[in-house]
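Both complexes shown next keep chain A, but they swap its partner, so chain B is in the first and chain C is in the second.
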Partner chain A sequence: MSLLHIDNLRIGPGRAAPIVEELTLSVERGETVGLVGESGCGKSLTALSIMGLLPENLRVREGRIRLEGQEIQSLPQRRLRHLRGEKMGMIFQEPLTALNPVMSIGSQITEVLRTHRGLSQRAARDRALDLLTLVKIPDAEARLDDYPHQMSGGMRQRVVIAIALACSPSLLIADEPTTALDVTVQAQILRLLKQLQREENLGLLFITHDLGVVRQVADRIVVMYAGSVVEEGRVDAVLDAPRHPYTAGLIAARPQGSFAAGTPRLADIAGSVPAPDARPDGCVFRARCPRAHPRCAAERPALDRAASGRAVRCHFPLTEGETA
Partner chain B sequence: MNAVLRTEALELHHATARGPLRAVDGITLEIAKGETLGLVGESGCGKSTLARCIVGIQTPTGGTLSIEGVHPGTSRATRLERARNVQMIFQDPWGALNPRLSVERIITEPLQVAGIGTRAERRAAALAIAQKVGLSPYHLERLPHELSGGQRQRVSIARALVLNPNLLVCDEAVSALDVSVQAQVLNLLLDLQTELGLSYLFISHDLAVVRYIANRIAVMYLGRIVEIGPAEDVWIHRLHPYTRALINAIPDEAARQDDAPILEGDVPSPVNPPSGCPFRTRCPLARAECAETRPELRRVGSHDVACHFAEAG
Partner chain C sequence: MSEPVPLTGTGTTGRGPAKAPSRRLSPALRYVLRRLLQAVLVMMLVMVGSFLLVKLAPGDMVDAMAGTRDLTADQIAGLRERYGLDQSVFVQLLRYMALLATFDFGYSPINAAPAMDVILARLPVTAILVVCSVSLSMVIGTLFGILASRFAGKAVDLGISMFMLLLYATPSFIIAILLILVFAVKLRWLPIAGFESVGMGYTGLTYLKDVAAHLILPVTALCTFYIAIYGRIGRASMLEVLKLDFVRTARGKGLTEGRVFYVHALRNALLPLVTMAGLQVSSLFGGAVLIETIFGLPGMGRTAFDAVFQRDTNLLLGVVFISSLAVVIVNFVIDMLYMVLDPRVNLK
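Right after this comes the complex of A and B.
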């Protein structure tokens, strides 16, 4: 039984076009899954749907989300509130808005422990101190009474991680947790997350647009485009030999080398991601795809899953060593 | 002389209750015609403040600045003259465009402000520049919210180029864009440079992007340049320990080396920077000497670096 298993999920507003469709995804204990895609591909909504935090106009229209075997997509808010924190935690891109500016960070951590665990003020404070030490905040005792604005971005993100881990959840969802941070601080936070994941045997769903970050943290990668999973597999296998033209395009579009020193122009992907109500029939990527074929317009490709765990949603996938 | 931009010991100090905040603290650099200077550094290092001083949004408190050999004054005429030479594009293509103006109005506004051409001529100029940046006449009639992020950034570029400037300051111009669109805009900037002989000051926190697009790279830390030189020289030799730390922290570079040393801590406050070398509090090479004397930029090999122990790395 997977820690998290999402089966054929469809998320959308009432009658209008769905934003996420046919999404199947699982995360095992102790595993990091990198969920990758450009803005608007539905990766953040997927995270919010797991947490039961979808915006009011959006709902899970179809499919199941199971956490440790239990279906959670239709649980009432009261039960979900219990699961959030106890079983699953989430960290966000912008630690400044994720924290309450008028509460000390000590109170924000103890609030979680007192609500979920019913700890006394003193016991909660002791545990908060342990947590700040766990996320490597120097001089933790002195920082407990600090407010978010007194801390740097990296320190704030450590506090957000401490809150997410307060009740020892088994699943941690991280939505672009280092995107707002400087590159040297990003390196610190990525290293911390990997270490905590190993120590606590966490399942980690790591959402990012950055393929370099995915390669560094993830075991498996799931690539989304315009609301659908287009490719999935072991992270090195997918990034070294992508099979979906979109994945190949993303990899080729990253700047490598120096133009002045002879590196050619970048291989961009023409056009931009279509809005949910403007997605083409058939394959969602076909309008931007260098390999598009009449069949791509006529028939939506299914996610073709091989025994190796490699999956690709394309009628004409790349073969080993081929470039788009 | 063919330097489009030259700064000499440029400073911008803000007075604060706790003493001067040295946002830009003695920057000397040049950008030649047709050249791209990449400027990198972490948030708070002063790179955007430097850009704003160059464009004239902020007024330096010390040092000198010349554009095409002329020290810009503050009268309306000289400000317009400067605007015709130097334009800027910003990070956020949502915040940079007036949401109530059509794309055509946005692109023609600089011409209108500068009092150039008749209405019909300005329209023709907008159409010509729009085509250069990959926008069609259809886009000219749209409002910014009807465009994608990449298209909006093309509008920003068109607006910046309509006055035919020599220097374009790009402050994190591709940072908010998705990677596939980022590649389109980088290619466009390279094409425009070849076609128009533009110079760029290209500011970014993303070293891979800067290495790709720049001829030379300058690395800034706490208001100062700590390393500057030809792009591939800086990238390959990375003489300053801070440059090394920045490059080592790029996720792709670090992918298969889990235990590589990473830089601890945060950038110190520019109000009360460390004595001597500003980087010494985070530096793996720091010794007693670094607390006493501030290293100045000096030539090591083929480029300049401000570190007492640049040869030791």
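Right after this comes the complex of A and C.
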């Protein structure tokens, strides 16, 4: 039984076109899954739907989300509330605004423990101190009474992580946790997350648009395009030999990390991601795909799973050594 | 992102050597002193400005006296000399400021008493009126605002919004007259006007009850408009805060919706309401002329009104002084409240 299993998920507003569709995804205990895609492809919505925090106009229209075998997509908020913070924690993209500016760091951590564990103020404070030490905040004792504005972005993100881990959840969802941080701080936070994930045997769903980050932290990668999964597999396998032309395009568009003269211009993928109500029939990527074929317009490719855990949604996937 | 910089400089971060106790004043004391100096400057500017404005208007208090009594030109000149009105405006201003420095407002001819005594006798009426109206309207209005935001877009919200609009659009003097007609004339539950029942010789608790009964209607009339203001600001402010990222974090922690709402969002939404309270105190203090007149209350607004029409310069300037002082003090209190509510606000 997977820790988290999402099956054929469809998220959307009432009658209008769904934003996420046919999304299937699973995260095992102790595993890090990198969920990758361009902005607007539905990564964050997927995360919010797991937490039951979708914006009011959006809802899970179809499919199942199972956490430790329990179906949670249709649970009422009051039941879901007990899972949030207790069984699953979430780290958000903007550490600068993710904390309440008028509450001390300490009380923002202790309230989780008091809510879910019923700890006394004293016990919760002790545990909060342990947590700040766990996320490597120096001089943790003095920091408990600080307010968020007294901390840097990196420190605040550590506090957010401490809050998410307070009740030792089994699933941690990190939605672009390092995007808003300096590159050097980003590396520290990634290392910390990786270490905590190993120590606490967490299932980590790591959402990012940065393939470099994925290679650093993830065991498996799931690539999303326009609301559904287009490719999935072991990180090394997928990044070294992408099979979907979109994945290949993403990899080609990465900066190579060289300032030397003569470094070629960054490649890009022609065109842009279609809006949910403007997605074409057939393969949604075909308008931007160098390998498009009449069949791609006629028939939407299914997610084709191989025994190796590799999956690709393409009629004409790339073969080993081939480039898009 | 740089290393955290402790903005308050309280040394709580434990970085670097602890600051040695300095011979300089503590930040809090420095802050208070700076504010005090500012307050004195503001008061002086207000008084000079008001004095010059009054002098710009045609007619002085001797003209007003001459209008009610038969005075010869000699007598008039004598009075002008006696009150120093024959001097240049500049000399008059200097004399007045010197007088003010000793906390003397001068003589009020229409009351035939020192202006200070007149004002001190009327100050409690206005103070009670303002304090009751501000606290009541703020609490009730904020509650309405919170309730409306909690049920935003639903029937409750719509109902409250309509009610707020009604309170907002009805002038307070109309509400005052309606209240008098219903509760004093028709039902006879409450007295029509005045601050206390004259000639009853009440003391102790009976006296307090008597004053309270007299104040219910005027306070209500002064509240209605502001209840609407607080309600609307409160609702908008809550909805604004509820959209912020930290509210999502709070929900993500699995807190109860009540805690998310009343602990996380509300405290952040209070700042504009506190600001509004400051404005309300300023505008009610001396600005409640209509209500004071309708209910026959001897407050600051009516005192100012009478002083203007009878050219009682000293009394008018005295009222201006006290009102400005109240505004300065309230602003100081509001700034203190900001610091309590929002740790990001600094002693700067």
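Keep this in mind: the second predicted complex is superposed on the first by the 317 of 324 C-alpha atoms of A that agree within 3 Å, B and C clash if a C-alpha of one lies under 4 Å from a C-alpha of the other, contacts with A are read in each partner's own complex, and residues count from 1 in each chain.
In the analysis below, a residue touches a chain if its C-beta (ideal position, glycine included) is under 8 Å from a C-beta of that chain, and two chains touch if they have at least 3 such contacts.
Note that the structure is predicted; figures quoted are calculated from it, not measured.
When the shared chain is aligned, chain C comes close enough to touch A:86, but chain B does not.
By the touch criterion defined above, A:154 reaches both chain B and chain C. In the superposition on chain A, contact of A:272 is made with chain B only, not with chain C. Of the two partner chains placed around the shared chain by superposition, neither chain B nor chain C is touched by A:319. Touch criterion not met for A:308: it reaches neither chain B nor chain C.
Shared-chain residue A:51: touches chain C; no touch with chain B. Shared-chain residue A:255: touches chain B; no touch with chain C. Contact with chain C, but none with chain B, is seen for A:139 once the two complexes are overlaid on the shared chain.
Within chain A, the residues touched by chain B in the first complex and by chain C in the second are 152-155, 182, 185.
Interface residues of chain A facing chain B in the complex, by the touch rule stated above, are 38-39, 152-155, 182-188, 190-191, 194, 209-213, 215-216, 249-250, 253-261, 263, 265-270, 272-273.
Looking at the complex, you find that chain B touches chain A at residues 36, 42-43, 148-151, 178-184, 186-187, 190, 205-209, 211-215, 231-232, 235, 245-246, 248-255, 258, 262-264, 266-267.
Residues of chain C touching chain A in their complex: 1-8, 12-15, 244-246, 248-257, 259, 263-264, 267-268, 341-344. Per the touch definition, chain A reaches chain C in the complex via residues 51, 53, 77, 81-86, 89-90, 92, 94, 97-104, 111-112, 115-116, 139, 142-143, 145-147, 149-155, 160, 163-164, 166, 181-182, 185.
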